[in-house]
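Here is the structure we will look at.
Chains: A, B, C, D, E and F, in written order; residue numbering restarts at 1 for each.
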Amino acid sequence: MFETTIDDMNPQLYGHLTESLFQSGAREVFLTPVQMKKGRPGVLVTAICDSARAHAVLERLFAESTTIGVRVRHEGRVELMRSVAEVETPVGTIRVKTAILPNGEERRVPEYDDVKRIAQEAGRPLVEVMDEIRSFLHESARTTA
Amino acid sequence: MFETTIDDMNPQLYGHLTESLFQSGAREVFLTPVQMKKGRPGVLVTAICDSARAHAVLERLFAESTTIGVRVRHEGRVELMRSVAEVETPVGTIRVKTAILPNGEERRVPEYDDVKRIAQEAGRPLVEVMDEIRSFLHESARTTA
Amino acid sequence: MFETTIDDMNPQLYGHLTESLFQSGAREVFLTPVQMKKGRPGVLVTAICDSARAHAVLERLFAESTTIGVRVRHEGRVELMRSVAEVETPVGTIRVKTAILPNGEERRVPEYDDVKRIAQEAGRPLVEVMDEIRSFLHESARTTA
Amino acid sequence: MFETTIDDMNPQLYGHLTESLFQSGAREVFLTPVQMKKGRPGVLVTAICDSARAHAVLERLFAESTTIGVRVRHEGRVELMRSVAEVETPVGTIRVKTAILPNGEERRVPEYDDVKRIAQEAGRPLVEVMDEIRSFLHESARTTA
Amino acid sequence: MFETTIDDMNPQLYGHLTESLFQSGAREVFLTPVQMKKGRPGVLVTAICDSARAHAVLERLFAESTTIGVRVRHEGRVELMRSVAEVETPVGTIRVKTAILPNGEERRVPEYDDVKRIAQEAGRPLVEVMDEIRSFLHESARTTA
Amino acid sequence: MFETTIDDMNPQLYGHLTESLFQSGAREVFLTPVQMKKGRPGVLVTAICDSARAHAVLERLFAESTTIGVRVRHEGRVELMRSVAEVETPVGTIRVKTAILPNGEERRVPEYDDVKRIAQEAGRPLVEVMDEIRSFLHESARTTA
C-alpha cells in the first residue's frame, strides 16, 4: 500500500493519475481530501497493490504526480471467497459476482459496467435498471435456495 | 434556508444541534466540512425549513450553537408528488413512500425506520433485509403494473 | 484495525453499521469521505478494536456492509492514564474522566451523555450547560490544586 | 442552479448521474460530501445550467437519482471574456482558451483533453506534458507582448 | 456572496488567495472540497462581503485564482448584537466579544489572537490557556449576574 | 507516524496544534475531516516524523490537543533524491528543489515561500508569478539539457 499527500498538483491531473495507477497494476486507488499546512486543500492518494506490482505502481506514482516522497506499508487483507458468472436476466446477460459470507450465505452483486451498458442500450435510467437487476438476482436466489 | 459556518464549537455538540433543529421544525439539516481561515477545519451548518417555522429554527440555531451570524436565503423547491401507505411484505408491515416521476412512473421507497425495526426484531443484518424489501416492492410493483 | 472502502452501499445503512460495529466490540469507528474510481463518492470505514474482539468485529463488518475485502493492520497505541469518577456539580451529578498528561498535569473531561441528560432535563441549551460544567470542573481543579 | 442532498443512493450511480446531467445541458456539476441525519454520509449534488436547459436538467436529475425534492435557485454569474483558438506547440496542435482579466491582461489555458491526447500518443507522463505546454504558452505570450 | 469551483489551480496558492480576499474586504472566506467531472478533486471557494466591497473582492478573486467564471448571490444575514471590550483575566488582558442571544442572555467569547499571544508568551499549551480563560469569563459572568 | 481522531476540541485550536507539531519536529502534519459516532464531525490528525523526534512530537500532540489516546505506526518511505540550489530568475533569486525521477529525468520545483515573497514585493498576483517562474525553470532546464 502506497500513500502520499500532494499539495502542489493541478487537480485536472488526478483523473489521469488514477487511471495510470490502475493500468500499472493497482487493485484500488482512492483520493481523500485533506487540509495541509499554510491553508492548503491537499489530496491524500492511496494506492493498493499486490507485492508483485509494487515496483510498477510506485514508479508510475512518481512519474504521473508531483510527489517526491511516498509512504509504504504492508497490510493484511481478508477477502470473501468469490466467483463471477454470467447470468441471464430479463433485461440482458450480465456478469454477477457471488461472494460467500462468513455465515455461509451468498451475496450476489451485478457488474456495474454490464448494468450501465444495458441501461444505455435501452435508453433507460441506470438507477431503474440497477434496481430491476438487483431485484431479479435477489428473487432468483430466493427461488433456487 | 439558513446557513452558518462554525469554527469554534466542540464537535460533540453537533449531534444535539441537529436534533434540536429538526425538533424546532427544520425539514432538512446537514453538515459540510469546510476549511476556514488560520487552518481551522470548520463546519457549514445548513438548515432548511418552511417559512412558518423559520423563526423557531433560527432561534434554536443561535441557542444551541456558538454562531453569532446566520445567512438567510429563500429558495424554490420542486417536489415529486408522493404518498405514504402501509404495505405488507413477507418480513412484516412497513410504510412505503411512493413518488410519481415526471414521466408518470412510480418510485417506491421503504421507510428506513421500519426496515431497521424489522431487521432488529429478526436479528438479521439490515443490509440484507433492506435488499429483500426493496426487491419485494420492485417485484410487486411489476406484477400489478 | 480494519479498513475498507465502500462504493456500492446505500448510505442509509452506515448509521446501523457503525452501531453494530460498536456493539460487537469496536473501540472506535469512523467514516471518511473519499473519491473512488469512475466518479464515485465512496466511504472509507475504519474500525479499531482489541485483538480479542477482532474476529467478532470483522464478521459484523462483512455481515452489515456490502464489502467483500477488508484490510487488516496491527497498530500500537499510546494512552494517557485515566480514571472515571462521579462528580457533583451545581447542575447535577456527572461522570468525569480524568487523564494524566505526560507532564503530570490533569485534564478533566465531563461525560457527554451525562451533560446531555442534564441539559435535556433542565430544558436548557446543551452548549450552555457544557460550558458551565467545564468551567466548574476547571475552577474546582484549580481550587483543590 | 439545482441542489439536492441524497442519502439513499448507491454511490456507483453518481458517475452516470453526472454524465447524464452534462448531456442534458448542465454547464457544471459537482458533488460535495455532507453529513446527514442518523449518521449518514450523504452527497450534495449541485447542477448549474442556463434557464433554457433547466427543464431538461431537472427532469434528468429526478430520473437518474433517488431524489424526490430539488431546491432551485437563480444566480448571477460574472464571466471573463474568453475565446478559443488552435495553437501549434512543439508537441502538437492544441486548443487554447484565452481569458481577459479585469486589468486587461490575458490568461491562456490549454484544453485538458488535447493535452491528455498528446501525452497518451507520446507515451509521456501527463504532468510533464502539461508543464511543457503551459511553459510554452507562457513564453510565447511574453514574446509577442 | 461569491462562489466559484476551481479544478485547475495548484493548491499551494489557496492560502494566499484566502488572505488576499480578506485584505480586499471579504468578511468570510472558506473552502469546501468537492468532486468535479473527470475524477477531479476540486475546491469550492466561497467569499462573503458587504456590497460596498463586492467589486474589490471579485477583482481579487479573478486576479489571484485561475477561475474564469464566478457565481454571485445576494443573501440576507441575521446577526446577534455584539460588542467588544477589554477584560482583565488572571493570565492577562484580552479582548472579549459579547453577543446578546435572542432570549436576552449574553454569550462571551475571547478573541482567539489574544489568547494565542498569552499562551505563547507564557510558553503554555493553547488548549489549556483557552480553557482557563473561558472558565474565568464564565465564572465572572455568573458572579456579576 | 501518529494518528488520532478528535471529536471534542474547539476547531480554532488546530492551527496552533499543527504549528506546534511542526516545531517539535514533525515532517508532515495533515487533517482529514471524518464522521464519528453520534453525528459528530471530527478530525483525524496525522503527524509524521523521524524516530528521533517521535517522543517530542507525541508529547506535543498530547499537550496541545484534547486527545487521550494516539495510534502509532512505523512506515517505510521511498524518497526521490533531491537537492536545493539558489537560482536567479528574471523576477528575483529563489531556492529551487531538484528531484531525480526513477527514469533519470529531473523535476524542478520552486520554493513556495520565495515565490510568495517575490509576488508580494512586486505587488503582483501570486498565481501569475508562480506561472512565470515555473515556465522559466522549465525553459532553462530544456535549454541546458
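Everything that follows uses one rule, which is that a contact is a pair of C-beta atoms (placed from the backbone, for glycine too) under 8 Å apart; a residue touches a chain by one contact, two chains touch by 3 or more.
Since the model is a prediction, treat every value here as computed from it, not as a measurement.
*Asks:* Select the interface copy of A-B from among B-D, C-E or B-C: the correct pair shares over half of its contact pairs, counted by residue number.
*Replies:* C-E
*Asks:* With centres defined by CA atoms only, which chain is the most remote from subunit C?
*Replies:* D
*Asks:* Need the most distant chain from subunit B, centre defined as the mean of C-alpha atoms.
*Replies:* Farthest chain from subunit B, going by C-alpha centroids: F.
*Asks:* Distance from the CA centroid of subunit B to that of subunit F, rounded to the nearest Å?
*Replies:* 38
*Asks:* Whole-Å distance, subunit D centre to subunit F centre, using C-alpha means?
*Replies:* Distance between chain centres, rounded to whole Å: 28 Å.
*Asks:* Could you work out how far the Cα centre of subunit E sits from that of subunit F, in whole Å?
*Replies:* 23
*Asks:* What are the residues of subunit E that contact at least two other chains?
*Replies:* As it turns out, subunit E has residues touching two or more other chains at 8-10, 12, 18, 31-33, 35-39, 41-42, 63, 66, 73, 112, 128.
*Asks:* Linking chains that touch, what shape results: line, ring, star, complete or other?
*Replies:* If you draw each chain as a dot and join those that touch, every dot ends up joined to every other.
*Asks:* Considering only the defined contacts, which subunit A positions touch subunit F in the complex?
*Replies:* 5, 8, 32-38, 42, 44, 58-59, 62-63, 66, 68-73
*Asks:* Given the complex with subunit F, which residues does subunit E contribute to the contact?
*Replies:* It is residues 9-10, 12-13, 16-17, 63-66, 112, 116, 119, 125-128, 130 of subunit E that touch subunit F.
*Asks:* Hey, which residues of subunit F end up touching subunit D in the complex?
*Replies:* These residues of subunit F touch subunit D: 35, 37-39, 41, 105, 128, 131-132, 134-135, 138-139.
*Asks:* Could you pull out which subunit E residues touch subunit A in their complex?
*Replies:* 7-12, 14-15, 18, 31, 33, 36, 38-43
*Asks:* Which bits of subunit C are touching subunit F when the two form their complex?
*Replies:* Touch residues, subunit C against subunit F: 1, 18, 22, 28-33, 48, 73, 75-80, 82, 97, 99, 101-103, 107, 109, 112.
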